[in-house]
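Heads up: the structure comes next, in structure tokens.
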Amino acid sequence: MKSELKESLGYIFFKNPVLVLGLIIGHLAAGDTNLQNAAALSITFFFVTVPVMLFASTIGKKIPAGFNLVCYALFSAAMLVPAYSLSGSISATIFDSSGIYPALLAVSTVPIIYSSKIAEKQTPIKAIFSGLCITAGFIITAVILGAAREFLGSGSLWGFKLADAIYPAAKLPFWGFILLGFMAAIVNWIKEIFKKSEKGEEEGA
Amino acid sequence: MSYIFQFLTMMLTALFVENIIFTRALGTSWMFYLTKRPGEIIKYTLLLTGVTTVSGLIGYPLNGILHGSAMRHVLVPVMYIAVMAVVYIAAYLLIKKFLPEKFENLGINLGTAVFNCAALGTLLIPANARFDLITTLGYGIGMSLGFGFAAIVVAYGLTRLEYCRVPKIFRGIPIALIYLGLLSLAFYGLVGHQLPT
Amino acid sequence: MSFFVKGIFLEQKKEPMLTRSTLVMRQEFEYFDCNFPDVAIDELSREQIIELARLAEIVDESDGKMLWEKLEKSNLGEGGTFIVDAVDDEPYISSQMSIGIHQPEKLALGIELCERVLSPEKTYIAMYRHILDSNFGIPKKIGKYHVKKIGGRYPAESRVHRHIPKGKNSVIIGACAMLHLARAAEESRKMTSCFITVAGDVVKNPRNVEVPIGTTAEKILELCGLTEEPEAIILGGSMTGRAIFEPENEKVGPMTRGIIALARSYGTYSYTCIGCGRCDDACPKALSVCAMRKFADAGKLDMLMQYDVSMCIGCGACSYVCPSRIDISATLLKAKKQIELAKKEGTL
Amino acid sequence: MKEKLMFQNAPHVRQSESVVTMMTDVIVALLPIYLMAFFYHGARSLVLGLCGALCCSVLSVLGALLLREKPVPDLTPIITGLIIPLLLPADIPYYVVISACAVAIFVVKIPFGGTGSNLFNPAAVGFASVAICWPELVFRYPATMQAIEIFGESTAKIAQSPAYSLSLGAVPDYNVLDMLLGSAPGPMGATNILVVAACGIFLIVKKAINWITPVSFIVPYALLCLLFPRIGGSPFEALCYELFSGTVVFGAFFMLTEPVTSPKRDFGKLMAGISSAIVVFLFRYFGGFEMGFASALIVMNVFSPIYDAICESVLHVSRHKESFVASIKEETKLRKNKKEEEKPVIRVIEKAKEPEELPEIKTEEISEEEILPEKEPEEIDLSENSEEKEEEALQL
């Protein structure tokens, strides 16, 4: 029980779905260019992850083998509607600035494959918990990346101008990839430090 | 004749200028999964081509109806996912009926080949930009071939990285992402000054 | 194949050892008679010459075999070629060449005796031609024997084989063995000495010396003198020899070709590979050395097998050209040994 | 005598040429180009070069320290830092140069393992990144023969570069001699074609670079330009304009020849040169920037190991020629037999005979532990702990 909890909590940082598992890279690299987009992506991600995982853990086991992926895809597509009505309140132009990337989350790896691989074997409460942890990990990455790119690219945060643009190219997809790469390296570095300290403790004990 | 020319131009544009991985960044996680199994790249590329072509054909008239509505930002993706679901079920049943001996190999992987960001993105971009039918099909085919091309290039680069003295913290996902980013940068030189929407 | 092979030219650095006469370490010598019945040289028969070589215990310095065994085994006859090896394509080393230049009469006598045994159609002496850094002229004939100039890039000793017409017999014997045979015939002397080049940038008096077999390296270096303390002393040729640490215990043998004392070892100087590809061009077997070194570092034995590491002859040309001073040759030889071991154990 | 003795592996003589001399040659060859830039644009060009070199070397030392490695004395960052400003206009702000250097060192070099491991040309990536980021600064060239202020905003007169006119399909307003001498506006170091070519020939003579790469690039490129001219007039004139505008000649001598990212054998270099000529041509014709050399170079860097692999496979076949021929003969025989007799024939392939074996040169008894200081077995597993989990999840 405790180990399962720990494993689920790991999705926030040490098994971050983006930086460590390398799952939802494209949406962040191309779509996550400012904080508002990050918010839209996070909201959509929440809606396509947690309900779909709950759905998978309750009804998913009863669906015949070939059809469960279709059901998850259709269910997450249906979940796009509340996600859009919520994220529409962020700003008037959010759908134009974030483009197709929030919609693409409905068929990304997490709702389709993680629900069939992980959630189907879990009880509903655990599935919701791990879904929440995955969402938290995604939100942390999206917000950091979006804020960094918005500040570097246009010198503003959440649309408020703070300074002149420092590095306009930061909004382009390739800088998204490179920044994600460096963030992943930093996560690796922190993991390494933790490993070392754990080893040290064991040796000390 | 002009239709063929239009088709080919759009296909080449989608293949090199608007490469699905390097400039559009669609389906990268799926591509990383494939780079570990280079033998399956061609099979998946063909599946992707089939899915985008058929779904594009079915979805094109529906898109014309939905495009006027105020909720099109959400209705168009939902509609396309529904179309893909229909295509998936049809393909699943057809394979089960006519090619039961291949069912083990193909049918199980069909789900991941249909429901992924690469397929949906390839359908959504021309739908939002209101391409006509010919260019939609050309774009879909070009994008799918571009996916195979990118997967092969990245798979080759990652095998090369095994012999580099990559620092420990960069091994694995980080260096693959940086490699992808640099390739993406090179393709961006072809696109030019304008930023993408 | 030849389109890909470029090879290397080495700086030969054979001066002044080549023009100076051979120094003989006299005070150490003991004379051993080989107890051969006194027969006039002109009347020695085939069997008698072989017996003479056996009694005098002459060793062929080019491959380390006993001379009499070699002579007994081979009978060349029609179309056969007899080659006297005085190639010396490694830098500094010139002991075989100096015999041809400073003691031509004895060499010619030795060759004549061997010719009587082998009865070849053609006989010639092979010498290395491309000594680019000195204007030393190689004689056209030694005695009545023609000198064939072997040219080209390192390793040139292997190129000697190419001058043999295909499908014909041939024998290659070193020049020092010829000299010892001549001495045994004339003076009835056993082979107790060997010819060694002493050279290097800290040697005061670089020369070719004749020393008794079993002399220590330290004594030989004392004979020639040192100007400063060397960082590296090499026993053997400059390309394939080995570095020694205890010169007072290291003794020279009949196959030792030289002792080289260098002021600076290159050992501490090593950059990372910059991938210039010169090793690929230098390799005489046209192996992809640059890639193989990477595989060897990564421990990928299967890839090394695929790239034909087993064909490496260990000539050291790749290490010589490497601008980063990486020990490519040693790495590959080690990998080759590992593969052989793994094959024996059946793990590969 | 024996106190100072050190161990070393055979061979004990080494070529006098080393990485340091090669790199020094390249740096020496870059200096005349800086002098020409000084002549045309004043002291700012020299300060830019100094800034680039300093920035790159400081950043690479910093990177090594961040990774807790011992910084190695290395001249390659200086070359990268000297090449980057030469691709930019002389009135470029300093922060652009610094950003290009930072990308070159921190993104291209250090994550891949430093000098010798980078898969892309650092200078090309650095330049391409700033060209995409600030196109309005990078592609705006000052007119020549006017001194530019060393610090602060430049007030120099702006002129249209020949490369830009060509991309619009117009004939540049400069004659060919102007472009050869470098008085046409353009990147700081790439306009003086004569000086650049002379420096390149100096490098070829000093054997710091291989002659095949620049020749196999420039000749096919010139042929392509002759066949498909972008402007009217005589084809020769069009060829001169195409060849002498932009960074084609400079790149061919100084960027394409970078040893780390180019193929190893001459045949591979030839193929790489020809294919990059085609790609550069396409990028310049259809690309968004008037100067597609850097982007094309990055794309071509991906393919250089493939050329190496092709060379190796050709050589592999030639090494095992006899056994291949034998197996093919055996197979044809087998087929014939099958056709004629329809009898099962046991197929025997003779063991591969090694063609004309060179005698093995014996190194004098190297003892096992002396060969190399034992290295720690490095982990080169790409799929580390975390990825296995992902695979588990993705496997269907």
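Every chain is named by a letter (A, B, C and D) in the order it is written, and numbering of its residues begins at 1.
One rule holds in what follows: contacts are C-beta pairs under 8 Å (C-beta built on N, C-alpha and C of every residue); 3 or more make two chains touch, one makes a residue touch a chain.
Values in this document were obtained by computation on a predicted structure and should not be read as measured data.
Counting C-beta pairs in contact across A-D and across B-C shows that the higher total falls to A-D.
The chain with its Cα centre farthest from the Cα centre of subunit A is C.
Look at where the CA atoms of subunit C average out and do the same for subunit D: the two points lie 41 Å apart. Separating the CA-averaged centres of subunit B and subunit C is a span of 64 Å. Computed centre separation for the pair subunit A/subunit B is 21 angstrom, with centres defined by C-alpha atoms. Residue positions 20-23, 109, 113, 172, 178, 181, 185 of subunit A each touch two or more of the other chains.
Shared interface positions of subunit D, defined as residues touching 2 or more other chains, are 107, 111, 114, 116-117, 129, 132, 378, 380, 386-387, 394, 396. Annotation for subunit B: residues touching 2 or more other chains are 111-112, 162-163, 165, 168-176, 178, 181-182, 185, 188.
By the definition of touch given earlier, these chain pairs are in contact: A-B, A-D, B-C, B-D, C-D.
Subunit C contributes residues 1, 3-4, 10-11, 13, 91-92, 155, 157-158, 161, 218, 221, 226, 229-236, 238-248, 260, 262, 265-269, 271-277, 280-281, 284-288, 290-291, 297-299, 306-308, 311, 313-316, 319-325, 327, 329-331, 333-334, 337 to its touches with subunit D in the complex.
Subunit D contributes residues 67, 69, 107-108, 110-114, 116-117, 119-120, 125, 128-129, 131-132, 135, 283, 286-289, 292, 294-296, 298-299, 302, 305-306, 378-384, 386-387, 391, 394, 396 to its touches with subunit B in the complex. Subunit D makes touch with subunit C in their complex at residues 1-19, 21-22, 72, 74, 76, 114-117, 259-267, 308, 311-312, 315-316, 318-319, 354, 358-366, 368, 371-372, 375, 377-378, 380. The touching residues of subunit A, when paired with subunit D in their complex, are 15, 20-23, 109, 113-114, 117-118, 167-169, 172, 178, 181, 185.
Listing the residues of subunit D that touch subunit A in their complex gives 99, 107, 111, 129, 132-134, 386-387, 389-390, 392-394, 396.
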